[in-house]
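One chain, chain A, appears in both complexes that follow, with chain B as partner in the first and chain C in the second.
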Partner chain A sequence: MTEKTIAHTDLDRFLDCLKEAGTVYVPAKDEAGEVRLAEASNVESVALAYRNFRMSPKAFFLPQNQTLLRFNEGRVEEPAPPDQGTSFLFGVRPCDARALLALDEVFLSGDDEDPYYKRLRENTVVIALACERPVASCFCTSVGGGPGDGAGSDVLAVALEADLLLKAQTPRGEQLLSSVEDLLADAAPEAIQQAEELIRSAEDQISPVRVDNSAELLREQYDSPIWEEAGLTCLGCGTCSYLCPTCHCFDITDEMRGKTGRRVRTWDCCAYPLFTLHASGHNPRPSAKERWRQRIMHKFRYAVENFERLFCVGCGRCIRNCPVNMDLRRVLKRVGV
Partner chain B sequence: MTASQEIETRLRETAEQLLRDKKVDVFLGYEKASLPFRTTPLFVTSPEQVDRLAWNPFCTINLAVYLPRLFADSRRGGGRAEPPPPPTVGIVLKGCDLRAATVLIQEHQVPREKLVIVGVACPGMVDRRKAELALGEHDALGAGEDGEGNVHAVIEDGVEVKLSREDVVAEACLQCRTPTPSMHDVLLGSPVEATDGDGDAGRKQTADFEAKAPAVRWAQLREALADCIRCSACRQACPMCYCTECVMDQTRPRWLGAGTDGSDVMIYHLTRAFHLAGRCTECGACARACPMGIDTRLLVRKMNQEVEDLYGYRPGDATDTTSPLSDFSMDDPQDFLTEP
Partner chain C sequence: MEKNPYLPYAAHIEEAWIENDARDIKSFRVVFDDSADAGAFSHVPGQFAELSLPGMGEAPFGIASAPTETDHLLFSVKRAGLFTTELHSLDPGSPIGVRGPMGRPFPWDRMAGKDLVIIGGGFAFTTLRAAIVEILDPANRGDFGSLLVVYGARTPGELLYRPELAEWQERDDIDLHLTVDQADEGWTQNVGVVTSLLESLKPASQNAISIVCGPPIMIKFTIVSLLNLGFDEEDIILSLEMRMKCGIGMCGRCNIGSKYVCKDGPVFSRGELRALPVEY
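On to the complex of A and B.
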């Protein structure tokens, strides 16, 4: 499908069309001045100039708390799936959209699909917005993505001066664009050129980190002293993984009061001691050293071995938000990647 | 040479000497981080590495948080093998950090005789979020400090932007009651006067909150915690949270759910506040660590003020006192006891 454009002044009408088909989430400034995805009906003005959201949008696909079963006086009931229809996420950054491809590998590939993830993934349309202004912690171009990468999204939008350039990435995206055909025009060659320049200039602002041979190098580094050093500094909180768009580990617990309760799936994190604690009391990852190694190995080695894909999209949230300012790029460099 | 640069030079000399003379096994300080307005902890074990040590207005992290774990192995009992001997640790501590270390010594988590405390009189550290906000649409590529303590950030195209000191100093520092460490083996920097020695600013914040109707307070508290993602950064960054097994992590029984349901989040924060009553030294590490920008200090501050008013006790003043919640005497105030 060819590129289309929509005038900025028509954005509200575009979103109104989406609202008729489901729930729309758009970037908006909150009281603290942070831009986050908010339900469009509660938003006065859509933000287009922002770096990225504090939280990745993964919670739309893998909620932090998800009730799987309910127990009622000995009866087991599966809660009816929430009837929320289609959700539209407008303004997801390309790195976060790309992360969905990693989550798809975990929850949709192989023999067993995760029905909870699948349901949300199928009912959520992602309209990515290309990055104009990467920040110092961004390194998407080193891990296969880029500020104008459409992978994982249904439509990629590029904000130009007068309008948005829209390009469908999936059949679902094409369908979406044809449903709002009246608002769109075929993109002029100048618009396409302007978008290309904008993306190129964004790419130029990103300092690359070499990770192309990470899996191979990490295979040799299991006993490296680097892990001990990183483990010394790491506080063992879950900030990096809870903010990471590709981290997907979860725990399942039964919350019971008498014979009534629920089985709930919650996010979990490999930095926590409880993550690998056995019922016997033995913990195969007894310290932050083993936990840090696991985090890096999972993203840059095991994921490559299992899915031929890095489980890092270079969004830099773990770098920006680490309470002690650890930077996994430094660790990767030390590994020799 | 700015005051910070002078301190940095002396800090490196001190660390080098301590390591060379084998007075310490490890020296714990700060190193420049990969992003502007930040530093990261550095564990130095050889004199050749001391040039990596930094001192600047971005040394916010409370390094005392690392002390209990550095001594954990040597304090471990019950195993078949003898525990290793405790290490000797050199550590850089600001006024607030020293108060935390004092409580750790008082609570027998850290042996004073195994510490070489390099205290730094601290004029207040920069809150990176304030600095980032002050730059508006711009992003810093680098940052430094001038002779007056103002922050200079380099943004796109090498343009330098001056951020005035008072606009970017952290909230916890503006309320600091003890900027100069009282206990130390070496003191660097000229002593700094507290701007808020009586803690008036903190009391005002508590009073403002208390003046509201209970329903409003409850709603405000719930709203403040609504963004909590239970990442435990506040707990892990807190020097006082050193329990081998935290009650929040216990599974038999599990006292609270692992997720972000309102009641679980509330129990998490209330439990933390109670456990820190009369122990929190108000360094602000929890609020700094929170990736969601939640100021977790309101509740603990109130508990601390209660303890100070009832028992005339402030945590972190001395190592040889007993904290009121670990102590009992017949003339303790009992006004809080009510008839059933």
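On to the complex of A and C.
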């Protein structure tokens, strides 16, 4: 598939075409001036100059609360599938698109498929937007990704001066681009070169973190004193995993009102003491030490052992948003990774 | 369409009875409402299922019945938390959901042709009962060598399945030894811990496999005894418990290292466990 370009002035027409096919989400400023993904119909102008959203877009695929079953007068039923049709996410950053490949491993690759995740994943088209200005806490280039990485997206866009460069990443992305063919032109060599320079310049702004061999090195570090130290600092608030695009652990609880109710899946977090507490009172991860170790081991060792993939995309959210300045890069460095 | 793994089979409690003197363990005979579901639910001893009560949630329990008992599933449940307290309060006829079967069963391929040493403690005798019933079935008994079972509890009244244990002690195709920490009036069998009894019985480790289920302290010392008897670490089979939600390897809480107890276990060999962090 060759690269295409679309003029910035045609972006609204492009989005209008998508709106005919489904619900479109675009980056836009909210009332507080923060850029987040919002439904395009409610948005006056699309924002393109943003670093990344505070919340990762994982909620489009794994909602924070999701009904698994409905209970009705003793009957147990599957919820009716939402009739929203296709969703288009325009402007997802490459790290967050890449995180979908990790979620796919969990929810689609095993003996059982998760039907709720699968439906949302199949009905959501991801148009990633390459990063021009990474943040100091970004380290995507160290974990296999990059500011111009198209993995996990259907189309990768690069915002140039006069237009957007578009490159399909999947058959679904190719289909999308051919459906708006009238708005597109074949990319000129100058545009392709401009995009490459933009991405290279973004790459140069990122400070690398060594994570190669992390699985092997962490295998030797299960009893390292670093976990105790990290555990003393960690508040167990769960901000890191709620914002993390690859964190996917969930709880299942029942909510009843009279004889009707639902079984609901809710984001959960390995930093919480109740996460692993047995009914007997025994807890295999009794303190923040074990829980912090689990978080790092899961992302940088266990996931590699199970899926040959790091469950970290280097988005840096956990670093930027931790209320006590925990920095997993520092911890990784300490354990010798 | 593939079955939704979160949707339980509809079933009901056919019969429930108290198993122990402390009256905190109940057995439930569970029957599927639809016979097609009973056919679809095909388990192997060592596996578990999630029982589901709308409004109360779900919890995982080892399946105590053998596949040869085709008309029902048996669960023996200790009252411990919210879910099990609600379960204990239910009358026969009450609806209950069943998800599963889940997890890796006992290694039946490897057990074929071997002498079997089954060691249980307390109320962790549920999937062991399933295994024993399966082995004793006339169609299967010839597939295995000798069957030695050592089962201990704190008191005689805490042994599960007592009528069945008595029947088994009458048979000559199973060698069942019972022991209690504290005898009561009328107890004429062994007194003492499982390991002492095991060491006095001295089962041969050649061409033998041992399955051990019980409280952590019993497992710890039983492993030492079995190793002293010459059992290879791969021939000591254990079954773990862990807090679970989904039961299908997705919700992320029951892992020990990279292994999930719900789908990679709950059955592990001692050798496999040694390769994992001690976080259980």
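Going forward, the second predicted complex is superposed on the first by the 334 of 337 C-alpha atoms of A that agree within 3 Å, B and C clash if a C-alpha of one lies under 4 Å from a C-alpha of the other, contacts with A are read in each partner's own complex, and residues count from 1 in each chain.
Here, contacts are C-beta pairs under 8 Å (C-beta built on N, C-alpha and C of every residue); 3 or more make two chains touch, one makes a residue touch a chain.
All of these numbers come straight from a predicted model, not from anything done at the bench.
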item: Simultaneous placement of chain C and chain B on chain A, clash or fit; value: fit
item: Which superposed partner A:74 touches (first chain B, second chain C, both, neither); value: second
item: Touching partner for A:192 - first (chain B), second (chain C), both, neither; value: neither
item: Touching partner for A:268 - first (chain B), second (chain C), both, neither; value: both
item: Superposition-derived angle with apex at the Cα centre of chain A and sides reaching chain B and chain C, degrees in steps of 10; value: 90
item: Touched partner set for A:7, first chain B, second chain C, both or neither; value: neither
item: Partner chain in contact with A:21 - chain B first, chain C second, else both or neither; value: neither
item: Contacts of A:243 with chain B and chain C, given as first, second, both or neither; value: first
item: Which of chain B and chain C A:251 touches, first, second, both or neither; value: both
item: Which of chain B and chain C A:48 touches, first, second, both or neither; value: neither
item: Touched partner set for A:298, first chain B, second chain C, both or neither; value: second
item: Superposition-derived minimum Cα distance between chain C and chain B (Å); value: 5
item: Footprint overlap on chain A, where chain B in one structure and chain C in the other make contact; value: 251, 253, 268
item: Chain A residues touching chain C - in the complex, by the definition given at the top; value: 68-69, 71, 74, 76, 78, 106-107, 110-115, 222, 248-254, 256, 261, 263, 268, 270, 275-280, 284-285, 290, 294, 297-298, 301-302, 305-306
item: List of chain C residues in touch with chain A within their complex; value: 2, 4-8, 10, 52, 54-59, 80-81, 83-84, 95, 97, 241-243, 245-246, 248-258, 263, 277, 279-280
item: Parts of chain B lying in touch with chain A, wherever the complex brings them together; value: 33-36, 38-41, 43, 61, 65-66, 133, 137, 139-141, 229-233, 235-237, 249, 251, 254, 257-261, 285, 288-289, 291-293
item: Complex contacts: residues of chain A adjacent to chain B; value: 32-34, 49, 51, 54-55, 64-65, 133, 135-137, 229, 232-233, 235-239, 242-243, 251, 253, 255, 264, 266-269, 272-274, 319-321, 323-327, 329-330
